[in-house]
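Next come two complexes built around chain A: one with chain B, the other with chain C.
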Partner chain A sequence: MAYPYQLGFQDATSPVMEELLHFHDHTLMIVFLISTLVLYLISLMLSTKLTHTNTMDAQEIETIWTVLPAIILIMIALPSLRILYMMDEMNNPLLTVKTMGHQWYWSYEYTDYEELNFDSYMIPTTELKPGELRLLEVDNRLILPMETPIRMLISSEDVLHSWAVPSLGLKTDAIPGRLNQTTLMSLRPGLFYGQCSEICGSNHSFMPIVLEMVPLKSFESWSSSML
Partner chain B sequence: MAGLKQALQPRVVALRCRRQPSSFPWRRTAEQGCPLFRPRTQDPSPNCSDLTGEMLSRATWSLVLRRGPGIRGTHSPGGAAGGQGKMPPYTNHCAQRYYPMPDEPFCTDLSAEQRVLKEKEKGSWTQLSHAEKVALYRIQFQQTFAEMNQSSNEWKTVTGCVFFFMGITALMIWWMRVYVFPEKPVTLTDEWKARQLQRVLDMKSNPVQGLAARWDYARREWRK
Partner chain C sequence: MSSSVLAKPQMRGLLARRLRIHIVGAFFVSVGVAALYKFGVAEPRKKAYADFYKNYDSMKDFEEMRKAGIFQSAK
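On to the complex of A and B.
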């Protein structure tokens, strides 16, 4: 989850998120370069003693500052589209989990083999155990096997919600009457936190998502214990 | 040359030529320079019956806009002492820093001596005395370069006001902290934060570049 005084993204847990981190670094560098250049030019303009304002013709620089931005935009667009298509690649998920958004909790359904479903409510601040994270802990976590591709089907029972887990690079809207799909693969075990990302009423800030990625054996024993 | 330059140093620009005096006291001064007050001619006659319609609209505007030099005028070089009779600088006769050589001379209504001087200017310039050269300059231009480029003390007023309002905001926030804000949640106490940090390190969140990456698990201390 996020840690205090964090500036950038959380560390990537899935390969797609790693790609997104690198893309962000690349694009942010371009943005900083352009901003520095513009700030420098503004400071030059504010501190000049020159007063000539009637230049009529400047073909060379006009050409440069038309072509150069086009090149920069292409340099941003190509990696962006690459990642976009990468996210849609076939990955043969081994498990399908459905999550339904409600006001104001998430419910998860594992219906591949048996019927297993449960609700996931936020733990109120007054009931937290010492050391737990405020507004992020839930009573029943979404337990999934790590290093396996998983298909998530996301929808809603009432209003719009959005199922988001930043460290996996996931954010998918939960729209009533519609089934949205996203794929999930975690390379590390552990707890990964997220929060509802579409305004859905008074407790929109209080319906978090917690993924617990465990080795396949642990997942199997857990799921059989839940049935 | 040095004497000439000294003569052209910034000072209060007194009225040097016969321009429109207080016939139209509702006109704004040169320092305000509102472009809406465009005079029909450079020297409108005191007989202003033909300007009635325009006058009415300008009279309305003068109710809305404040009279007098204002803050900007107070700080500008000639502001506090600027005469009421100056023409608003809307046409190009008034020099700006980016348009230093205006099309028309500043004074078009010359007195007798000034006309004599203009005739003398057509001859050899070495015949002109220092004072005559300065007079000719003043006929042509409203301000010298030094006067035009003079900076003002406006920044002190602006900075002062900014700090003043920052101070007011700080007082308001302090009052709110005392009387409005609720208790902080228990998770912000030092003890809870310590246990939280321990839990976060135990679950190795952000082990690549984030928090857990900075903890040395072998030595149980922060990495140096």
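On to the complex of A and C.
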């Protein structure tokens, strides 16, 4: 989950999010390189009275500052496309879970074997127990097995919503009349928090998502207890 | 009046010399900042993740969390 004064991403819980973290580091490094260069050149220009006002052409530098940015863009594009295709890989999910966005809660359906569905409403601030997180806790969490690929099918029953869990690198729009798919794979057990990420009305900020990742055996005994 | 002849000062190419020096300087500073970020932030982050998962026991982690009472599905 997010914490106060946080500057960077949340710790990665899925392999894809780890890749995204490293890609962001790579791209930010390039951003710092270019920004430092530009800042240096601007301060250089501001700190001299020397001028040169009769330049007609400068083929060499024009070549350099065309080719170098092209190379830098390729250096950004190649890892970017690698991760894009990695996110689309078929990985034989063990489980399919459907989530529907509503105003203003999420509902979850596990229909692979039996019919299990429930709604997930935010716990109001006045009803929180000590230690619980304000505006992030829900009454019924999405409970899933850890270390297994899971297919999430995401849609909406009314307006646009977006199902996001930053720590797993997930954000998929919930669009009425459309079924969007994403794959989820958590490397660790625990609780992972997210919030609705598409404006959907007055309680858009009050329909969080909580994933509870547990071992497969715990997941199986929980799901059979729910039926 | 005795006058010693001063050396003729450099009068041309001042901007070009300044640019030559500072282009090299700008290159080193910007590449240096990038290297600082890469070896100060990016590589330690990769190492931190590799070290975390090298001997990670997810079941042990789960048991600790379960005993702390945070799960709805496993008490």
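The definition used in the following text is that the second predicted complex is superposed on the first by the 226 of 227 C-alpha atoms of A that agree within 3 Å, B and C clash if a C-alpha of one lies under 4 Å from a C-alpha of the other, contacts with A are read in each partner's own complex, and residues count from 1 in each chain.
One rule holds in what follows: a residue touches a chain if its C-beta (ideal position, glycine included) is under 8 Å from a C-beta of that chain, and two chains touch if they have at least 3 such contacts.
This one's a predicted model, so the numbers in the text were calculated from it and none came from an experiment.
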item: Touched partner set for A:Thr55, first chain B, second chain C, both or neither; value: neither
item: A:Leu128 touches, of chain B and chain C: first, second, both or neither?; value: first
item: Per-residue touch tally on chain A - higher for chain B or for chain C; value: C
item: Touching partner for A:Ala12 - first (chain B), second (chain C), both, neither; value: both
item: Partner chain(s) touched by A:Leu44 [first = chain B, second = chain C, both, neither]; value: second
item: Chain B versus chain C as contact partner of A:Tyr3, first or second or both or neither; value: first
item: First (chain B), second (chain C), both or neither touched by A:Asn92; value: neither
item: First (chain B), second (chain C), both or neither touched by A:Ser202; value: neither
item: Which of chain B and chain C A:Thr66 touches, first, second, both or neither; value: neither
item: Footprint overlap on chain A, where chain B in one structure and chain C in the other make contact; value: 12, 51-52, 188, 190-191
item: Contacting residues of chain C [partner chain A, same complex]; value: 14-16, 18, 22, 25-26, 29-31, 33-34, 37-38, 41-42, 45-46, 49, 53, 56, 58-59, 61-62, 65, 70-74
item: Touching residues (chain side chain A, partner chain C) in the complex; value: 12, 18, 21-22, 25-26, 28-30, 32-34, 36-37, 40-41, 44, 48, 50-52, 140-141, 143, 146-147, 187-191, 212, 214-215, 218-219, 221-222
item: Complex contact set, residues of chain B against chain A; value: 97-100, 185-187, 191-192, 195-196, 198-200, 203-211, 213
item: Complex contact set, residues of chain A against chain B; value: 1, 3, 6, 10-12, 51-53, 125, 128, 130-134, 167, 188, 190-191
